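Structures follow.
Next come two complexes, and both contain subunit A; in the first it sits with subunit B, in the second with subunit C.
After this line comes the complex of A and B, so read on.
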């Protein structure tokens, strides 16, 4: 009896907390399909705002995903070998480099953006292309990739595995592919998940770096919120959700499968 | 290629020392020759540089300037490990968790471009040789410690290496399994006829497996010799005490006799008349009637340890002597006994410090 009371209490509290977090999301999403938010849902349900947002911001949405996956590609290609190098080399220099890579975590996105603008703002072509935002995102997300891969390296004694493969005749590149990457997979997947999520949702830095022609989803959202009806901004949120939730679920499942294997 | 028999390279190590970047001198420049097909054991206490020496031979560590490693007279010093064609068994085994047992064993062959059928045949051969039938499709985390050890050995041997390098391969196992695997390993190394370098800090392992033993101390070679030479004719006190049990006695020498508090010992080795240090193995001391011996003492304790009786005798030498007597002996603590020691059993050691 007492156990059941405790359980009921815990369940109630959990549901309350969940509701506290979920209700705003539901409200916001429902606003996106309401004809007139101020008159409430009785005013009718419509997809006109969603369509309007899609027509206006399809470019931003596409660019967001392009940047997210380009960021992922760069952090994978650079971050995984970097983590490997740092782990195998060890020593003080490696630790210093690791700290430098991690630094962007502690620096506000605005400061990073400012630094990038000061340094590369003069290169017109680069400044105006989406690659400029990509650079910001790579700087910002790299520590997440490097850190999560290095955490796995530390737990599976990757150095000895590497030496084992070398003793069997494998060249550095072969053993990187056959031994290092497969055994670092849980870390690589976890890192990828973070990189994609962070890149898709990143606002501070992107807002500073964007041009009217290079806007991402969150920047577009701020834009529509500032200049249009609340329903439009809400429809925007809805689209954001529809796009990102299946992606995250898919990546999460992929990561779990990789871990179990 | 015929059967499991392989050949081994002769390994020549010349002036190989190792100083790590942090200034630790792990190995003083040392030279060593390993005959083709021989099993050489590197024996010594923890931190004496055994692994460092092995890693230099493997190519995982570069010797300090001036050092050279040769396989069959070819200079390998600058050749990276993946081209040295060695087989290596690590203390932690370093098996690949992302591959099955069979894939682990076949990995070196796959790297060498051996086709699938030949690879499978060789893997099967290795599986039979190391007694791990039925485990081929297991993942590494589904194996016991002893099974991992066998897989690691099979993987290293599968590529028919020129030199097989083993770094304390049995240390991670419990005592009874260690004993069993040790004798299995011994017959395997003999039947393969491969050049093997085996690192251990366990003297029993060294004795059983080694054709020759290199005893190391603090980054230097203390003695090289066959197990018998190391055991019966240690060249210094460190070797005498590290390998097996040893009684160290000290006293003045005159006319070929070493004088001790409880009498004297006849010496075989010619020594000057200065004070000498000598070693006597406990099992070479015979217990006789007091009147029949030139060295006498009092039995302090008797311990029955199964295959023999271990006595501690005081008053004979400066320190209590350990004596291993047959388990049929009938003595009691407090009894006076005579000790008979042949001159051959007394090994005079060079004086140190």
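After this line comes the complex of A and C, so read on.
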């Protein structure tokens, strides 16, 4: 009897926590498709707000995808070879490098953005272009790619595979393409999902780095929260959810697959 | 090309990118912080200047409250979810973890929908008591926002740690006559210590530096990231904002480094 009571109490508490997380999302989704949120859902269901958001903010949404995929490209080209180099080289220098590239996870985005602004803010052409935001996103997401790939290297004994291929006469470049990258694939995919998800939702850095002509999806969100009616802001949030939730689900499935291995 | 050279070529792009877009800007930030009218003492202003000190204390208290509340909530829910199997459990776990990567701005908006001027709590309280309760734009709204994005992360850590616990220890304690509460207090909770330290540090550092939520709820919440933002954009006080953000960065980094040395695992904030 007492066990049942404890079970019921814990279940009730957990449901309450879940409600705290889910109810606002449901509110937001319903507000985004309601004709008049103040009068409630009986005022009718509409897609007009979603269409309006699309007309107003399609540019922001497009730029966010451009930046997310450019960030992914840079972190892949720079991060995957570096993860291999750091793993094979080992030693103190590698640990120091790993430690430094991980710092942006600890230092608030606001500080990194200020640092970038104070250093490169004077270079007008660079400051005005979306490449400026790209640098911030690359610095912020790089550790996720490097560490995700290094985690795979730690578990598959890459050194033996690498030396085996080398003893058969494969050049370093051939080995990298045909042995290292295929073996690192799970880490590369997990890292990529993480990088794209984080870049699409990044606000702390981006708000400081953006210009009126280089607004991203989350910058537009903040803009709509401040200046648009609640229905439009909700519809915009709805569009964001539709874009980000599949990525989150894919990431979770990946994590579960990794655990089972 | 020798193997050694190839390794260096692999590392070179990362070193260049990190030096150009992280280390150099950080050095510049340090220099700007010391280059204002206050000189090096700008770095002490976060403690010596009463207005900044009050904000710092505010921020630390808020982050600490968030951390403690999140740990309590996530431990109760995480223990429950990991120790029981029941229909709908997977759905419940999904509901508790999906907000993991919501940006702070979105969390701020969700809090407004919950407790803002047109919010659900306001509507319910207005219907029940006739008085509309609105607290989204206060420090309590910010607290709720930080809870919102800390809970999923901490629940995942706690669940993973509970899974690794040796159930035999609890059974042994129980067979020796310990009450359920004593088993929790003396066996389960101490074993979860490292997970608490690691996930608590992440929650704390994230709450210290989070900007998006405070920005959306805005108005008159006095926390460090908002202070830095207003000093930089409105007052154009570059030296102070640089010094304050260095201070904020050092605090966040130190908390995480301390937690890492205590728990032995990898610890990182997210935002």
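Methods note: the second predicted complex is superposed on the first by the 225 of 261 C-alpha atoms of A that agree within 3 Å, B and C clash if a C-alpha of one lies under 4 Å from a C-alpha of the other, contacts with A are read in each partner's own complex, and residues count from 1 in each chain.
In this section, contacts are C-beta pairs under 8 Å (C-beta built on N, C-alpha and C of every residue); 3 or more make two chains touch, one makes a residue touch a chain.
Since this is a predicted model, take the numbers as computed values, not measurements.
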Next item on the list: Report clash or fit for the pair subunit B and subunit C bound to subunit A in the combined superposed model.
Entry: fit
Next item on the list: Return first, second, both or neither, reflecting whether A:27 touches subunit B, subunit C, both chains, or no partner chain.
Entry: second
Notebook entry, point to check: Should A:131 be classified as contacting the first partner (subunit B), the second (subunit C), both, or neither?
Noted result: neither
Margin query: Tell me the contact category for A:102 with respect to subunit B and subunit C: first, second, both or neither.
Written below: second
Notebook entry, point to check: When the two structures are overlaid on chain A, which partner does A:56 contact: first (subunit B), second (subunit C), both, or neither?
Noted result: neither
Next item on the list: Using the superposition described at the top, determine whether subunit B or subunit C touches more residues of subunit A.
Entry: C
Item checked: Which superposed partner A:183 touches (first subunit B, second subunit C, both, neither) -> first
Next item on the list: State whether A:160 touches subunit B only (first), subunit C only (second), both chains, or neither.
Entry: first
Notebook entry, point to check: In the superposed arrangement, does A:81 touch subunit B (first), subunit C (second), both or neither?
Noted result: second
Item checked: First, second, both or neither for A:118, with subunit B first and subunit C second -> second
Next item on the list: For A:70, decide between first (touching subunit B), second (touching subunit C), both and neither.
Entry: neither
Note to self: After superposing the two complexes on chain A, what is the shortest C-alpha distance between subunit B and subunit C, in Å?
What the structure shows: 6
Next item on the list: Could you tell me which stretches of subunit A are touched by subunit B in one complex and by subunit C in the other?
Entry: 166, 171
Check: Of all residues in subunit B, which touch subunit A in the complex?
Finding: 21, 58, 60, 80-83, 85-88, 90, 92, 94-98, 107-108, 111-112, 155-156, 159, 165
Margin query: Per the contact definition, I'd like the list of subunit A residues that touch subunit C in the complex.
Written below: 6-7, 10-11, 13-15, 17-18, 20-25, 27-28, 31, 37-38, 74, 77-79, 81-82, 84-86, 88-89, 97, 100-112, 114-116, 118-120, 135-136, 138-139, 142-143, 146-147, 166, 171-173, 176, 197-198, 201-204, 207-208, 218, 221-222, 225-226, 230, 233-234, 237, 240, 244-245, 247-248, 251-252
Checklist line | subunit C residues within the subunit A interface of the complex | finding: 1, 3, 6-11, 13-15, 17-18, 21-26, 28-29, 32, 73, 76-77, 79-81, 84, 86, 92, 94-106, 108-114, 118, 120, 147-148, 151-152, 180, 205, 208-212, 215-216, 218, 225, 228-229, 232, 238, 241-242, 245-246, 248-249, 252-253, 256-257, 266, 268-271
Check: Any idea which subunit A residues touch subunit B in the complex?
Finding: 91, 156-157, 160-161, 163-171, 174, 178-179, 182-183, 185
